[in-house]
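What follows is a pair of complexes built around chain A, which joins chain B in one and chain C in the other.
Our next item is the complex of A and B:
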């Protein structure tokens, strides 16, 4: 990295991020709560965290892992299991006599537990898997995600995981809104809180990437043999990256649980991992900013902006052909293929927001934005 | 005891044969391009959907089957042409991501066409009929599958060992660049690989969906992954390895599906354990074990990494 890097772009970035948070807060107080915008922002924040955690592996360490959905599943389940109110347990675990665990922990503790559990699974999985190379590693992690899914669906573990039935009634994003005595919302926080959660986690990942560990990970990505020759302990660093990435995938899983308000193991398929991988690719492999941006774009396109393609549209008296349920996804996947084939560097390449700002300032002199 | 196990064994052999036909496509493409063709399972599913629509159009069945195979081959050929060829000089991961993108696209396309509904696969007279073998009742297709697989594999091995294009394939899989220098048109060889793979996936889909007669956009994902596991298990790049791996996985998976019943009848357990949940997970456990113990698979060649 450049030693004499100016501090200004960094400050501008921080101001921008702070401005976004303020904007989210204001928007939430003023716009109707059922606006599509908030759905997109909540899901986008969740996906941003998961995408950045995947980018840490695929983009910064060069470990091509496809196990993300599995770790999210672990996180989502841990969160659900430890936060369902005791009063609700009898109805949620109706086939398993109210379940085995009869206590709850605060949301924040449950989220950390979710991350730790995912990291623990990652540690176990990493023991055999991290020795493998590129595509073998991809398929082995994909396989592990499937195994985890099967384990959590097994009725033998029903008293803990509720078998193949769904977990519900745990605190969701909407429970972060502050209510007065009558149950009317006084301060809306249901979008700001997920933003804060994702923001803190992504900040931690960025700090890791910019530390000496992060530089070691990048060295491994660029050339394993050379990195090893420079005295980097390959096994140790790969395990570290794998566990940290899974930790945040687990936290992301917990956030997804809060977003969806229900958790069921069968929805964490490999298709979910593919979706996140495509987000990372669109954003640019090796760019945190890119992953965050493309998460919001991806969610906004698939949930909101391209919705009109799923309904009949009339231009005057002419009915536009082809438009019906599912067309949105076809258009969407064509766009993704175009990005994958022709814009392989994605939105940001491997640049971050401060890099872009500093380049602009250099090339355009001191024109203030 | 035997009477309990036999039906599971029988359907295991049949499913194994169908996996084998898909696995060959994986193993050949990997052998030549070093690419896990994630879209291959979806080609298999698309073949099923095409059959549904062609049969619904009222064409006679003897025309349907060759037409389905032809279109499937065209789909496979076009995928390689459009999504993999432009990335020939790109890093391997880019091609793999492209394959995942194609898989995503095919699934969404089928979702759009079918409206996300289960489609009933047409019954094919002759192979959909029921026969009794000993105490077990099964469809004719179950019995035909292993024989058909063996015939096709023998034909394929002959093609690879005796013909000019087969020789070219072997050369390209040994060394991509040198074979190019020797005047082999590698693009044709790669196209041919995809054509053969898609053809076999098409045959596999006819056999598979005759047994499990509903097709939906996700029905290719699991068989595809398992066929890939079979290919790795047998040693990727080796055709006999893929076939043997596929049969082992098919049989084990079906035995696990019936393990509750088998153990119950044998008196080992008194209540069902719900082990059938693990029938899919088993294949992946096997994959990880083989990757750790013998990464080159049963019949794979050892590769050394050069710095």
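Our next item is the complex of A and C:
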């Protein structure tokens, strides 16, 4: 019987992914470290993880949450708070007597704590809200993101959060570079490590999506009534998806902290959530591959490829009109509108890379016959 | 009605009132182990509503549902309904503590159903639709499932799903998108999906709707076949009288939410009340 799925597309996908990692490693050793490419790759990897985590909820479970920035904030702060070296605390927490917490944990532990803290908040929000059948979650999470931002800036919590002052001096992506005795970098890892972090997390999400639980989540998305009639406990499964999604948003927040090298609550606005929502929509709701691709495209456009639009450009003696500060955002918005209007299903629809490969192989096979 | 230890399902004085509309009015019925019982009646009689009360989709306004002798639904008019209640026997269960389960709990207990307006998981293949039906009997949790520590269970579930597809005659279509199948096959797929939850009682809501005459003919023996094979009790709503008279042990007739008759196919066919309300004058 035709029960077995062909394994070849999977293998090709894995080889492709491995090749990308090797390419990143080589590029990092050979190209100048301050190249814009690496900025895009680091931020892109961070956003890819957050976008995939949002897609798990909005795309695969069919419940709409707008709390991504809030969960990232929680993650970023957890990471910062627990990794700022003791020696630096006096200067970072200068207005709060060096802060309350006087120990550090390893980076990996701090990242897991970041995820757990975000998941804990998600659990609390989900407890009352996910019992309701409609879209109260979107409102509740949006409210949560606003409130948590205010709370983290509150001076009363200053000994922990540093109030409205920024957290800094914690290990950033650049600290993953291996240096010799004189402080010169011998092996560059500052892009490869975030790639690995995001890669491992996304792999976990993909494994979940393709497990029995992932199928149950997709069933809920397709038809809640039928899913419930098949014995799937809606509240339980929605809560699981929400907590897992928020866990990885928290880890993504920790990565954003490492990318930015500083953390300040006021930067985690709902605009950040909308950016990520856009990435998910552009990539394709229900496609992990799409979210990853569009994260890098989005970051590359906003940080790099469209930068020239913000500066005066001369062709010979002719000054190109319109180009001035802020024009980039106009063009960017137009591009996004076009994508949303004319490519409703995004770059990938709900297809994944292996799906595309297997379709291609099938059509080639047919041609051979 | 005498106390019958064989009861798989028993409804006692079930009334379902939506606002001012009494969709089911004091319905009592029994379905015994191994029987095929049909629920018939004109459009809007309240048949689907009865299924929804049994499966926890609706909470009836009054009455009790027993499953294998255990009360799985208990209610009496509460809140606004105390005043609005338009049915009878409203104070019969006043002393009883209301019991309500979510539909997934009830499926767990062993009641599986199909839907009148087919509700397959539209983005999934036929095979995946059945596979989802195996999820509720899992021993795995999210971690073991994510890390593939449940490989044995997963493999067994997949085999079970393919088996069920084969039994309903859809082995060839397993990898097709469920909603791309023709109507008749979608109905069979819904049955396979319901069987995957390992029920003891199967509720079928108009399983022959949308099937062509040949498919309808085959459906009768198919239902008997799966009933015997899985040791099921079957309670079905159906408008195709040939099918109903062919395979039912007993029939309940509903009209405007009230039970107007109960009996064997022969009795029902001769019953003047049923003929007047539903069956009409025999053509031919």
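We adopt the following convention: the second predicted complex is superposed on the first by the 356 of 369 C-alpha atoms of A that agree within 3 Å, B and C clash if a C-alpha of one lies under 4 Å from a C-alpha of the other, contacts with A are read in each partner's own complex, and residues count from 1 in each chain.
Just so we're on the same page, contacts are C-beta pairs under 8 Å (C-beta built on N, C-alpha and C of every residue); 3 or more make two chains touch, one makes a residue touch a chain.
The structure presented is a predicted model; accordingly, all values stated were derived computationally and were not measured.
Once chain A of one complex is fitted onto chain A of the other, the partner contacts of A:349 are absent, as it touches neither chain B nor chain C. By the touch criterion defined above, A:234 lies against chain C but remains apart from chain B after alignment on the C-alpha atoms of chain A.
By the touch criterion defined above, A:159 reaches neither chain B nor chain C. In the superposition on chain A, A:213 contacts chain C only, with no contact to chain B.
In the superposed model, A:336 lies in contact with chain B only, and not with chain C. When the two structures are aligned on the shared chain, A:225 is found in touch with chain B and with chain C. Judged by the touch definition given at the top, the superposed model places A:204 against chain C, while chain B stays out of reach. Of the two partners chain B and chain C, more residues of chain A are touched by B.
With both structures placed on the common chain, the touch criterion links A:132 to chain B but leaves chain C unconnected.
For the contact definition in use here, the residues of chain A common to its chain B contact set and its chain C contact set are 225. Remark: chain B residues 34-36, 83, 86-87, 90, 92-94, 96-98, 100-105, 107-109, 111-112, 115-116, 218, 221, 225, 228-229, 232, 273-274, 277-278, 280-281, 283-285, 287-288, 291-292, 295, 305, 307 touch chain A in the complex.
Partner chain A is touched in their complex by these residues of chain C: 55, 57, 102-105, 107-108, 112-113, 115, 119-124, 128, 131-138, 140, 142, 145-148, 150, 154, 157-158, 162, 171, 174-175, 193, 196-197. The touching residues of chain A, counted against chain C in their complex, run 1-3, 204, 207-208, 211-213, 215-216, 218-219, 221-223, 225-234, 240, 244, 286, 350.
The part of chain A that touches chain B in the complex is made up of residues 64, 128-129, 131-136, 138-140, 142-144, 146-147, 149-151, 153-156, 163-164, 225, 269-271, 274-275, 277-278, 281, 324-327, 329-330, 332-334, 336-337, 340-342, 344.
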